[in-house]
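Letters are used for the chains, namely A, B, C and D, taken in the order the chains are written, and counting of residues starts over at 1 for each.
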């Protein structure tokens, strides 16, 4: 029977981490567990920066972006020394289970930590890139997508008024999920993603041909992992002779009030994660799969996710 | 081989109807179909108010709430006379299939129309109440939920600052979906829905007890089908002696720029609906089920939907 | 030379009160003052609920609606007994000046308090109704107006799609400012305000005539002080035979992230209020007048404000 | 007595241009004028791209960013040949007055055009940079500022969670207005503007010192005219050794639904501009000055605007 758990957030922050923390803390306390909050991810475990969280300590955070536990990169946790010190902290504080709110990299680290020290680790899938294998939807993605969509709707106003070509770079180092989703929802003319080789000649041909029949404004969405907006814009200008502007949305996509979807997933994931720890489960991540909350083994979750893009990609082209 | 289809929107408008129209029109044209737009739902079919829609006619509507085809109640379509005139219009214009964007009532009407006149009807699930059986998510729901959540976040500011009790009435005549989803995401203290008998005594007991331990502000979400905000507020004041305010969100929840989810569902549903008509299918509705786009027989879709609420309801209580 | 000041928020909360508090606290500390925060307005002064505020205590509140100092009605402060106890608290804590963030009623109370006990009181104009005499713009108004405008834009989607008449009730018990501003910005067809007698017959005549020439949707904005939306809608239905819907925006208008205007006014007002106290001024309110931050005597500010509406009102009618 | 006027939008688009067009058209028609819309600014005058605008032609645009008349750069209008052709078009269509919605550059061109051809030109101040001399507030500024503020609030989530330094580049080639306004409203730690020489050593000293006392996150706003975000970030990293991220908000600030302020200014400016033409006035721009709608001679408006920044700049530093 477990008595005390700890929760931490690692990797890039994602909107919805705060409601996830709220759920872990309040549901944990409801289940008669003590819940400790670890600050700055693995760093806090190594450096003994943690404290008990009360019901009230998570008041008013449900609608806030970011994470009250803060997050940080921690190269030290990749060393045996760092892991050993982290494990020591876990034992010192009699922590029976660890809930790790984060993405791929966080789960890989948790997986290793579990295997090495047999400390039960549970993951909550939080990543704006939605790039966790075996999981259809993570905390933060919906918020990031809507933020990017807002921006694209705004850019459309200028693109149409000034009859310009825009290349808009969205997040997604290894995944084109945000780019595809936003390009579809924003009625964008073209999308460039890491999963698919792009023939820029073809794009430019479309633009030139479109211009001839009166289509003067274009928005081309590019996932950051598939190229730099500036490079692509320069090439388009070279090939078509048309002025091309760029916008790099960047970190704006990470923040902001979480949407209803991001909050509801976070709150449900948090509850299930605590349930899993109580049930003696470990080494798994919680996410949404096929419309249901699912448990996915860390070993599966950290594999490269294949994005099925063909249909979506075709649809974007047909609808513009 | 079909050559011409028509599309109409019926029932209450939902954010996402416009991108659905855009998808039906542009994908239909891409598939070498003629696409007619019928105005004001069934009324337009009866009164021959329809016209061909071009690729360009649906430009710039992807981010707009409401429906450019307009929608209206049509009691006349419930009469044999009305249906017969509608069928006549379908034949006169050589329409091979009809895409009906709407909810339960719309599908029931389309189902009957199909059975009586053998006119292939396809439904696209659009209803902010998310109350269509066999379908997990409809067009418009996500936008309505986020609109209600925005409002509740704002009300929270005053509830906290003035230490007040608020009863907030959200949409949902027969379904507590919006109420439950919003209450969870908004960190609301209580939710009252049509699916569950509510003991107001218990709620008042909680409030009085909360007051004693310093919890001074409450937001109680009520689905319109489960009671009037004013009645509930009056009863709470009578039982607790505490001032209680009400907000009825009302039609604000119907409008606004569709969210990414509402748009992406709409665009995908529109494409699949056209595919179905081309494949000779009829009498079915398109919606999201288990995370995938699914075809659901009208006869199933129009049954009463059972909302699984127990877990959600418990979680709301535990987390506040 | 003053050494210690206190700040409180009274009356209805307004978005921007928090940045005003932040400014008073941080600028006050910068000027080597001690700053105390009084909780729940005058109530806190009477009941000795106050504490010193540090630079850090106001971190992260600049973008939050409501007020961290809370606010409450306080009938007791209208009694000699209550005022005397409040004055006692001021003396006990050696408070040299009091900054009152609020509206008309708050300033009237502060004015009396100053005259009776010679305690220097400074007002910061915060009222979503924008109804303070001698002041063109108060903290909170711009946010409330934009919230109401968002709602009206959403309602417009349904009004247009379903060709309906809507009566939308906005805040403004004695002032039509929000109603006029929003009706103009929202392209609304009619506005009903306390300052102007309204001939509903004329409105109905316009509606019927409009219907004949194809204008099917109407949004009529009514300030709460000029009538109940439900009453007006019923009368319109009786006179025109047309279905009319209502939306009462209510408390939603009070909350939410303050807009840039509401924040920047708040931050500037706070600074000037502290400067005034330091300069030995009292019995005045800070607000925006003729585009500049101005000092207005409490005795002037608490008079009834005359809203110049004629031009605005005419413009609304001409532009629809 | 004038009978026909024309309206055009030039320069960069600004949110509020559409409501300004709506006002000119509808108020003009109300005053028994014919109103022509010229497309793509001066280019449309040179190339005879214009058409009469009806009351209905401006329906539904009050809440849309951009401009339905489109806008374009037009180097040809700087040549005598281009101006002459434009003047020809004016005469050919019997246009008695021209309303130019735009900024500095547009007014300079209109001023010259008026002097050379005696064609009455009236300006409506529309520029997100708010850089028009003699005018306190232009159409579009308030929307741009709020868009930038939204972004900065989002970035703050990550800055705080990850304890990072961010350099955020906002619009303002020659004016620090947006940068200052947003930095104040966003609680930013530093602002760099074209009007003020910046000592980056001092900024870095503040950062290093802040770090020592536990202040780990910084947002530094830079107006595009005062430096590139990337350059500044690189220098900060070099001087402090701390990782520094950049966000360039770019064209996102140009678009979006105009705020209430942007709409109400636009609607009022449009009306006054028409009134001026009717009254035989010319060679002046309409804007907001000292809280009132004012007429400013083009010759004044096109001078370099001096931004009074000292107080604002100090306040920003004091409040962080």
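The working rule: a contact is a pair of C-beta atoms (placed from the backbone, for glycine too) under 8 Å apart; a residue touches a chain by one contact, two chains touch by 3 or more.
Only a predicted model underlies this, so the values are computations on that prediction, with no experimental measurement involved.
Peer 1: Using the touch definition from the top, list the chains contacting both subunit B and subunit C.
Peer 2: Both subunit B and subunit C are touched by no common chain, going by the contact rule given at the top.
Peer 1: Can you check how far apart subunit A and subunit B are, centre to centre, with Cα atoms defining each centre and the answer in Å?
Peer 2: It comes to 28 Å between the two C-alpha centres.
Peer 1: Quick one: subunit B and subunit D, Cα centre-to-centre, how many Å?
Peer 2: Whole-Å distance between the two chain centres: 39.
Peer 1: Give, as an integer number of Å, the spacing between the C-alpha centres of subunit D and subunit A.
Peer 2: 35
Peer 1: Touching at least two other chains at once: which residues of subunit C meet that condition?
Peer 2: 153, 156, 160
Peer 1: What pattern do the touching chains form: line, ring, star, complete or other?
Peer 2: ring
Peer 1: Mind listing the subunit C positions that touch subunit B in their complex?
Peer 2: Residues of subunit C touching subunit B: 9, 12-13, 15, 17, 40, 64-67, 70-72, 147, 150-151, 153-158, 160-163, 166, 245-256.
Peer 1: Can you name the residues of subunit D that touch subunit C in the complex?
Peer 2: That would be residues 19, 22-23, 26-27, 30, 60, 62-63, 136-137, 142, 145-146, 149, 153, 156, 160, 181-182, 184-187, 257, 259-261, 263-264, 267-268, 271, 288-292, 315, 318-320 of subunit D.
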